[in-house]
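Order of writing sets the labels: A, B and C. Residues in every chain begin at 1.
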């Protein structure tokens, strides 16, 4: 009897939520529940996931979907999106009426849509491990005390290095202090002096890395003073970190500064560098490539550096917590079902599946399990001291305007001094973040 | 423009090369008064031009036949050391490749045929009639080619969605049709205008209706024009990727969009990308080869009549 | 850049012995047109007009309206009517120094690339008439393949060839003595990056220009040239005084078309910079797109697009006048 009322209440809440679609989102006081029985027979939930799920952990997706369908009777239609254009597609689609029910976005991308009413409020307690969610992921989801998305997975950047080169250069173990790190880089360079193509550290214009260096010296990107955002890159502590990164690139890296970190695993696998800074899965990507890149189930072929790589946390450097969240769109016609699917896809079973694929789960409580997973120890440790981009509504615009990359390139090419470039970047950040 | 020289025609030329050949290939070299050395250097320049022009094409083909590890060598190989068809197979087996190939063909063919039909009619109107508003229509057709289509993406999307035409091949076909329509109208207009009105008049006097005149006389004579504009239209529609990317789901993309998606977040797979690029280019190349004689004829249509 | 068009060759005099009879013939016959014909042309043109009005006209109208409003993501997602801000967006755009940098860059690129393209196209067209039959065939084959290659593919292959780590261009240049080009980054310095982009655009555009101009060259009466040679003119003089004047209308047309196409450059910088176009590589088209979709500033993007169209109308007016002059349109 009680259950029937609860179901009715849940349904009513869903209908109310659905009715609120299209009108001012300020009046949306109801949150969508992801618990309780919902009948989804004959309905299809449309899910937008990014390609990473398809190519790396499709089994987790399939498993969660199976359990969801068994519980609710609803079907699931999954579309895998590309990183290059998914936001444009999302904008166009959300403007219309045929919207996806569940959408995955990068954690830095969520704030913008949450602020602008793109996603509907959810019942936080419905989701497993929600009390220990990684704040780097959940920060983008919280607004005015409500939760608008669910953390999905995370990746932390670590140091990936060549064990064989370390040995032949006389380095016995991965460095644990930044000074050691630099000393090791020197040793690597000395051991490979004759190879003109060799650069001890492969570091392209990776702004996440540069900002990690900024955070390491106590600097910051931007803070909110009252209701105005202020860029902090020109502060002395930030400049110190920036300069450290610039010095590292200039002295030890042969990477093309016009490139970003997209292809770094492939380039590193050619064997002309000793260390690079990337996500844990990039170690696997550097060691093995798919024989048929288009086939998700293709055989793997070893590269030149297979079996020669290991990971370790980058000493004294907090890692950027990259990752994705999942949200239920405000215009969705199947909010409760969508929320349920997310529940299954982010519960502990699914998280275990993700851990086994080498990515980090969405909560600190599970980080120890992740650390137990071979290959993820460094990442799990790094995740404990991680940072996140400023939780500003317009942060995604700063990224779109490539402000960070521009600043770093200006310094590397000598166009601006570090201080001038940082000042320019702050100006841009202030303008964009505080734009009304 | 070519308002010259009825009088000059009487002057005998040193080289008896006939002037009235329709195909510009067979005749052509102007060798009167040219030195042998000049010809030699010209030929050399021509060959250098060929090499430079074809090099990127050759590089696409070269890369497409290399296995992955060989592609990523620091020392590029100019002939694949381990030639393989794997990249092509990979492309064909790739998810959605065949579907996207089919989608692209459908959308392109529909758009081109539609544009030809609609454009021919409009071109007829402009070229064969004097009527109130004619100049305005011409102005619109000319001016509309300036509009950056991309800027219209969101209003276009919203409009098509209301009509339930998003995520459909028909919606994209219609959009492409409109994309290539202005150029089609303008070009066909020129071809039709070059057909002498006397033919129309003669046919009308002989008892043909207006419609029959168009169908039996003008349409066949516009043949080269139709071919020329269909080439343009085909290339435009086949190559487009931004519009179809925005309007349709990943399941309903064309081959160009498929190519763009080959860049995963794990780095670019160059071998399969180049193989895909070749496959994507083949229909256009075939189309070109089929009509290349007609391109030349189309270009010089009317130039050597009478 | 794939137009197969040569209006001047099309407009040739059809009845023999006439000088520009097209215009004459049409005028003579005009009084004989029946008034009842008024319906037919409109009926014929109607489908095209409906298609244009519907899918081009209406979105265009909406885009102009958008440029006078302030539409951001919130309005897009919730369907709220964006607030009316009059000329605010235009003021923002026209007072933004970045916008003017982008305009300057687009104009400079257009001028440089069109001049190089047309000159090269003309040179190749002239060369084609001069070489042995077989060499000409080679040239045409190469141009056909290049012309047939989709823009996207061409951009990707140029990206691959100029790759800093694996690109064949670096490898080849490095082979030159005294030159060290290993790992050279082509896109770090915008000047070099634009060299690559311009090379790509010129390379892809030469086939259309060369083949069109070549077709125009076939119209230059051989008797004229031969007579000039017999009269003692050098090849250069013949070119300057006979060929070029005859070719002039065609050259103007292809130049204007090239200007219009190159001014709206989008795909090449987009692909060469991996969809993340840095400020130094922005053209008007990529700038408008980034503002509209990247920054969800749809109104600002619309304003930029409107301004771009107005800028191009200047060139367009020239094109239209030229078409009128040639007698295409009476």
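One rule holds in what follows: a residue touches a chain if its C-beta (ideal position, glycine included) is under 8 Å from a C-beta of that chain, and two chains touch if they have at least 3 such contacts.
Just so we're clear, the structure is a prediction, and the values are computed from it rather than from any experiment.
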item	value
Chain grouping by contact, computed as though chain A were missing	one piece
Maximum centroid distance from chain C, chain identifier (CA atoms)	A
Separation of chain B from chain C, taking each centre as the mean of its C-alpha atoms, in whole Å	14
Inter-centroid spacing, chain C versus chain A (mean Cα positions, whole Å)	41
Approximate Å spacing (C-alpha centroids) for the pair chain A, chain B	43
Per-residue multi-chain contacts in chain B, two or more chains	72-74, 153-154, 260, 263
Sites on chain A at which at least two other chains make contact	84-85, 88, 91, 95, 197, 262, 267, 270
Where chain C touches two or more other chains at once, by residue number	76, 165, 274, 293
Contacting residues of chain C [partner chain A, same complex]	72-74, 76-80, 164-165, 182-183, 185-189, 193, 274-279, 290, 293-296
List of chain B residues in touch with chain A within their complex	68-69, 72-74, 86, 89-91, 93-95, 97, 153-154, 157-158, 161, 166-167, 245-247, 249-251, 260-269, 271-272
Chain C-facing residues of chain A, complex	22, 24-25, 84-85, 87-88, 91, 94-95, 112-113, 115-118, 196-197, 254, 256-260, 262, 267, 270, 330-331, 397, 400-402, 405-406, 409, 412-413, 432
Chain A residues within the chain B interface of the complex	51-52, 55, 79-85, 88-89, 91-92, 95-98, 197, 262-267, 269-270, 272, 285, 289, 291-296, 301, 303
Residue numbers on chain C that touch chain B, as the complex places them	2-17, 19-20, 22, 25-26, 29-30, 33, 37-38, 40-42, 44-45, 47-49, 51-52, 54-56, 58-60, 62-63, 66, 76, 124, 127-133, 135-139, 141-154, 156-158, 160-161, 165-168, 171, 203, 206-207, 211-212, 214-215, 218-219, 221-227, 229-230, 235, 246, 249, 260, 264, 266, 274, 285, 288-289, 292-293, 298, 301-302, 305, 308-309, 312-313, 316, 319-320, 323, 326, 328-329
